[in-house]
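Here come two complexes built around chain A, the first alongside chain B, the second alongside chain C.
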Partner chain A sequence: MTHVVTDNCLQCRYTECVTVCPVACFRGDGTRLFIDPDLCVDCGACVPMCPVHAIADSFDLEDAQQIWIGVNAEQSKRLPTVRERETPLPTAAERRAALGH
Partner chain B sequence: MSTRTSTNGEVTVLGACPHDCPDTCSMLVKVKDGKVLGVQGNPSHPFTQGRLCAKTNHYQERVYHPERVLHPMRRVGPKGAGQFERIGWDEALATIRDRWSAIIDRSGPHAILPYSYLGTQGLVNGLTVGDPFFNKLGATVSERTFCDSGACTGYIMTVGPTPGMDPESFQHSRLIILWACNMLSTNAHMWPFVEKAQRNGAKLIVIDPVRTRGAQQADQHIAIKPGTDLALALAMMHVIIHEGLADADYVERYTTGFDELKAHVAQYTPEFAADVTGLDVEVIRTLAREYAAAQPPAIRIGVGIERSAGGGQLVRALTCLPALVGAWRKPGGGILQLPLWAFPINWEGLHRADLIPEGTPVVNQWHLGRALTHDLALQTPIESLFVYNSNPLVVAPDQARLIEGLSREDLFTVVSEHFVTDTARYADILLPATTQVEQADLMFSWGHFYLTLNQPSVEPIGEAVSNSELFRRLARTMGFEDPLFYRDDEQLMRDSMLWGHPSLQGITLEGLRGTGYARLNLPAHDRYAPHAEGGFPTPSGKVELKASMAAGGNFVLPVFRQGYNGFQDGGPVDALPTFRHRNETGATDTALAARFPLSMMSPKGHAFINSNYGNMRRQLAHQGEQYVMIHPQDAAARGIEPDAVVTVRNGRGAFKARARVSDEARTGVVVAPLGFWVASSIAGATPAALNPTAFADLGRAPTFSDNLVEVTPG
Partner chain C sequence: MPPTEPRISIVGAGPSGFYVAEALLQALPDCRVHLFERSAAPHGLVRYGVAPDHQKLKQVAAVFDGIAAHERLRLHAGVEIGRDLSMADLRACSHAVVLCHGAALGRSLGIPGEDLPQVFGSADFVGWYNGHADHVHHGPDLAVASAAIVGNGNVALDVCRLLVRSFDDLAASDIPQPMLQSFRRRGIREVHLLGRGAPGGVKFTFKELRQLADLPNVRIRLPQAGEFTEAQWDQADSPEARRVLQWLRAQHAAGPGDVPEAADPASAPLLTVNLWFHAAPAAFVGDGALRGVRVRSPVSGAEWEVPCGLAVTCVGFASRAVAGAPGSDASGRMRHRAGQVLDEEGREVPGLFVAGWAKRGPSGIIGTNRACGYETAATLQAALPELLGRCPSPSADVDALLQSRRLPRLGHAEWCRLDAHERAQGAALGKPREKLLSLDDALRILGPA
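Right, the complex of A and B next:
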């Protein structure tokens, strides 16, 4: 079990989360972030940092969201670490509004 | 202001995590309409930095758990069945008074034994909350050597009760050894300071039989055989001294006994250590050389380090190392054992050991099973047990015997708890305890330099009471007249610290209400080098490589025994760090090692803190079922398939678990995390059933990593 990044991150990529991670467990490509489940210690610090509520304890995922556990595990193993805050994607504000956050 | 109100009526209260963990997090509690909505770490806290952990991220789930004990209850079924019916507080207290009065009239107060530790560790409701009451009652004294007692005795014999390193100063270290410390699971808030040093070029070395999360992040993982670390530490001294790598000036000015130590460690060659530890000779030599060369180097020891026959002398040896290489000269150098010593706590006022009648006997808490089954030579057998802040059935060894003792019909057992734990199932009277959000407390830390105030967020739920209120009620019940027993929580906080001490200058309870926490008045992490010029609080004022206190014999610090100093262990102690084999190893007992060839360790689970959260769905989902980790070679040799149910046994007991076949631990080592509950186990037993009751060499530490077992399918 671990925390995971859901697809709320897609088109946003705010990256506030990486600034508080004590173990640098965020990985990312150009579209979004993922959490390496072997590194995440479940401290929960990143959860309130995300403006679009994209990070969840895997225990709290609904059935339809369970896929993100496997996706995070898989993608994090092939992507580079993101540990510095970066500029959100140009579509972030629009996506955030659409998500109602 | 202690609270702030946002527009939707939500209030944030500054609290603190209550658990027995070095990190003591500053916690923000969100409250609305008298109910806790959630908790989160306090982002402003310099050490805990807005993080909590897998145990406490959803603390409200503990507070409002449907199975919480919310009213006093009395047992209606057989002992252990967990069948209770609700009664009132008056009846509960009257029952305790009647039973205890009869016991005292018949057998004297020694027949009553308190049992507690740090289920909550605040100065108001934690370690010492029941001490004045039981000391006045004249009950048998509980010697609580659960955690770090052996390490404390060894450390204090060497450097005295100094805070040692500031954990924040690890960021300035050039080489860090995490020795028997699974930091990312049990001390996670310190990790950023270690990781910062590593990013700045420091080498991070983890010494652990298991490839822990931290070991995976380290530059080097030294996978030592369990309980053999003393040989490694002594060989490091050998190399440092005999290769001329010591800081001769520091040694000359600020240590005693160097010449004797030099002669003594001549026997502990790297070859000797390689044979004992299972490590390569060159790994040992290189470790010693790098440790001496990288200035300043830092060692962080974990709680488990003391858990083998020579665990106390191991801590002695590790506490000598920084002085040998002059590590203390700069911020970021030295050893971190227990910075609790930084806090000017009024221990005498908290324990009130002056109330203990002369001749009061002592029972060590690892011997509870033996004490309850008349296996200890007690002049007065135990007729009543009072348990709070602890769940011995899961944490104490000798589980089968403990069950036998708790099942005694003539034993009157009272338990104060949040849940019907494995131990609580045996209670005659079960009392409801508050959680941290329902009580006030002032928290020391044994992992950082911040004093933290926990302010109550909501009213006690049901009829739950804080431990401090519990003992006020018990004092009234037993007719105690001294106002000492009736101080309110505010007064207890005021009395708990030596507020005039320089370390508390500028810190007040009033101030803490606004900030939630305060760093002790000590130099900042980049200037904190307390022993750059010696000044060790030992009898000689120096690092005692040869310990003068050894002449007094083995002892447990009074803080771990209700402030009492009577009936100390007194056993002989080697004044120089001296090797001894594990109790349970082929070198000591060939026949035992042939029958039980695997070494078992039972560390804390990532999502549990001891047995706390072992009944909660979220943490169980993270932790999985009770498992025993076994190396693929050891599994194959026994026909054990991954995830199969296996039996782990030794001469003391057996438990069943799922096999986690993994090479995370070295061959010959199995790892079974502790904290799962007996009631939900596969076969009515957990790893504690196999743990030995033998003490380590110092401070009556346990020997849980000095434990031979066999694992079989089914």
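Right, the complex of A and C next:
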């Protein structure tokens, strides 16, 4: 079991999640974030922080979402750590509305 | 005159203390941080609160050890502020003091019979099975047929899970050996979880419930489910409570018959956890020995007795007062503005700050303390120029004070040795670590300085 960032993060990148991560397990590029499953301790603090509900316990993922487990594991190994909150992407508000959050 | 090096003292080496330290070390490149901890070991509730079977969560301790290794941070374990050093001592050594002493006191229900043997508060019971020096003496007798747990939060569910979890699982956790012996003698077949509110008002998370429900030797029952109205099944206080409620309803609809018997009844007999709602405890009853809990429904006024030979009340925590610092408000939190401590009249107390449970009250999880600690650190940073101007050079020195009072010198290096010792002892027993249980243990393991 682990926690993953799903593609709701894409075009948003709100980064509220990183402020409560006790183990600094978020990694990211310019488009979105991922969780390093080897660092994450499954505390779940980040889940309610995300304005677009992008983070989930892998246990709660629907079948179609299961791909994010592998993607997070893979991408987090090659991207830098994101520790500090950053400005959301310019498309964030629009994307958030489109997602219905 | 060279620029003044800010000296900051933090009281409490739990999650909030470490995250405040991390934020300060990062934001103030020349500050020096002294981190005081009353226990012989650091990590606070990660060591003494997080359930011993949640080892993955306890891995966060490695992050704390990384912060403690910082060259501008000094850990002083085994030193209690208010006992070994006064707040005045600390203020004399520091430009600023940050209180991160948590909420170590279990709240009591204030009902008759709470002082009967075998009735424990959660701080005592959780502290006992986690080997906290303040609580190792409690020695609850687990060789009873049934137990009652008062409360509907995650602490109540942690206690419940440990009371029913198979002995093999517990033996592989970091429950210290003396406490594990009590679990070996466990006779519990039934646990009653008593919630004051409606089923939709539960405070525990679905994840915690699932961990309990997933135990192969445990079945969960709702003795009152037949009485619940459609409205009660439908009304949840939060999205999380709704998930719990939906699961409970499905469980009830499935009936009790579909739970498979445990594969090996000898090692893990089938245990029942009864979830009671609208069950406000009115009294613990028994003649010298605990016999049960008398509960009353706040809705119907009905009263009934739940039999138990052990009771644990998990109804919240309050902060211990620190002598020389302003007291807490009625809710048990210190008065503050973004971490700046305020006195009873709402005036700022210069140089005094607060973070963690002492600031927010006993809620949130480990990571919540990171954002909370960073907020307090930012407030401190903004106040620092004035604090430095007021008193450029503190009048006392921490090392000189510790030496003159003959206080223990348990820094990060000493903790690394104790940690290695605990892990080695644990490995020999097939568990993550065998905890030291007192300051004397720590000093004995370390040997003469």
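Convention: the second predicted complex is superposed on the first by the 101 of 101 C-alpha atoms of A that agree within 3 Å, B and C clash if a C-alpha of one lies under 4 Å from a C-alpha of the other, contacts with A are read in each partner's own complex, and residues count from 1 in each chain.
One rule holds in what follows: a residue touches a chain if its C-beta (ideal position, glycine included) is under 8 Å from a C-beta of that chain, and two chains touch if they have at least 3 such contacts.
Everything numeric in this text was worked out from a predicted model, so none of it was measured.
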For this session: Put chain B and chain C onto chain A via the superposition and say whether they clash or fit.
Result: clash
For this session: Considering only the touch criterion stated at the top, classify A:V20 as touching first (chain B), second (chain C), both, or neither.
Result: both
For this session: Figure out whether A:E86 sits in contact with chain B (first) or chain C (second), or with both, or with neither.
Result: neither
For this session: Give one of first, second, both or neither to describe whether A:E74 is in contact with chain B, with chain C, with both, or with none.
Result: neither
Exercise. First (chain B), second (chain C), both or neither: which does A:E94 touch?
Worked result: neither
Exercise. Looking at the overlay, what does A:A45 touch: chain B (first), chain C (second), both, or neither?
Worked result: both
For this session: Tell me which stretch of chain B runs into chain C once the two are superposed: 272-280, 470-478, 578-586 or 632-640.
Result: 470-478
For this session: Could you list which residues of chain A make contact with chain B in one structure and with chain C in the other?
Result: 20, 22-24, 41-45, 57, 59
Problem set entry | Complex contact set, residues of chain B against chain A | 40-41, 43, 49-54, 57-58, 184-185, 188-189, 191-192, 195, 213, 216-217, 606-607, 617-618, 621-622
Problem set entry | Of chain C, residues touching chain A in the complex | 15, 19, 56-60, 63, 205, 207, 210, 364-371, 374
Problem set entry | Sites on chain A touched by chain C in the complex | 19-24, 41-46, 57, 59
Problem set entry | Residue ranges of chain A touching chain B (in the complex, touch as defined) | 1, 20, 22-24, 38-39, 41-45, 47-48, 57, 59
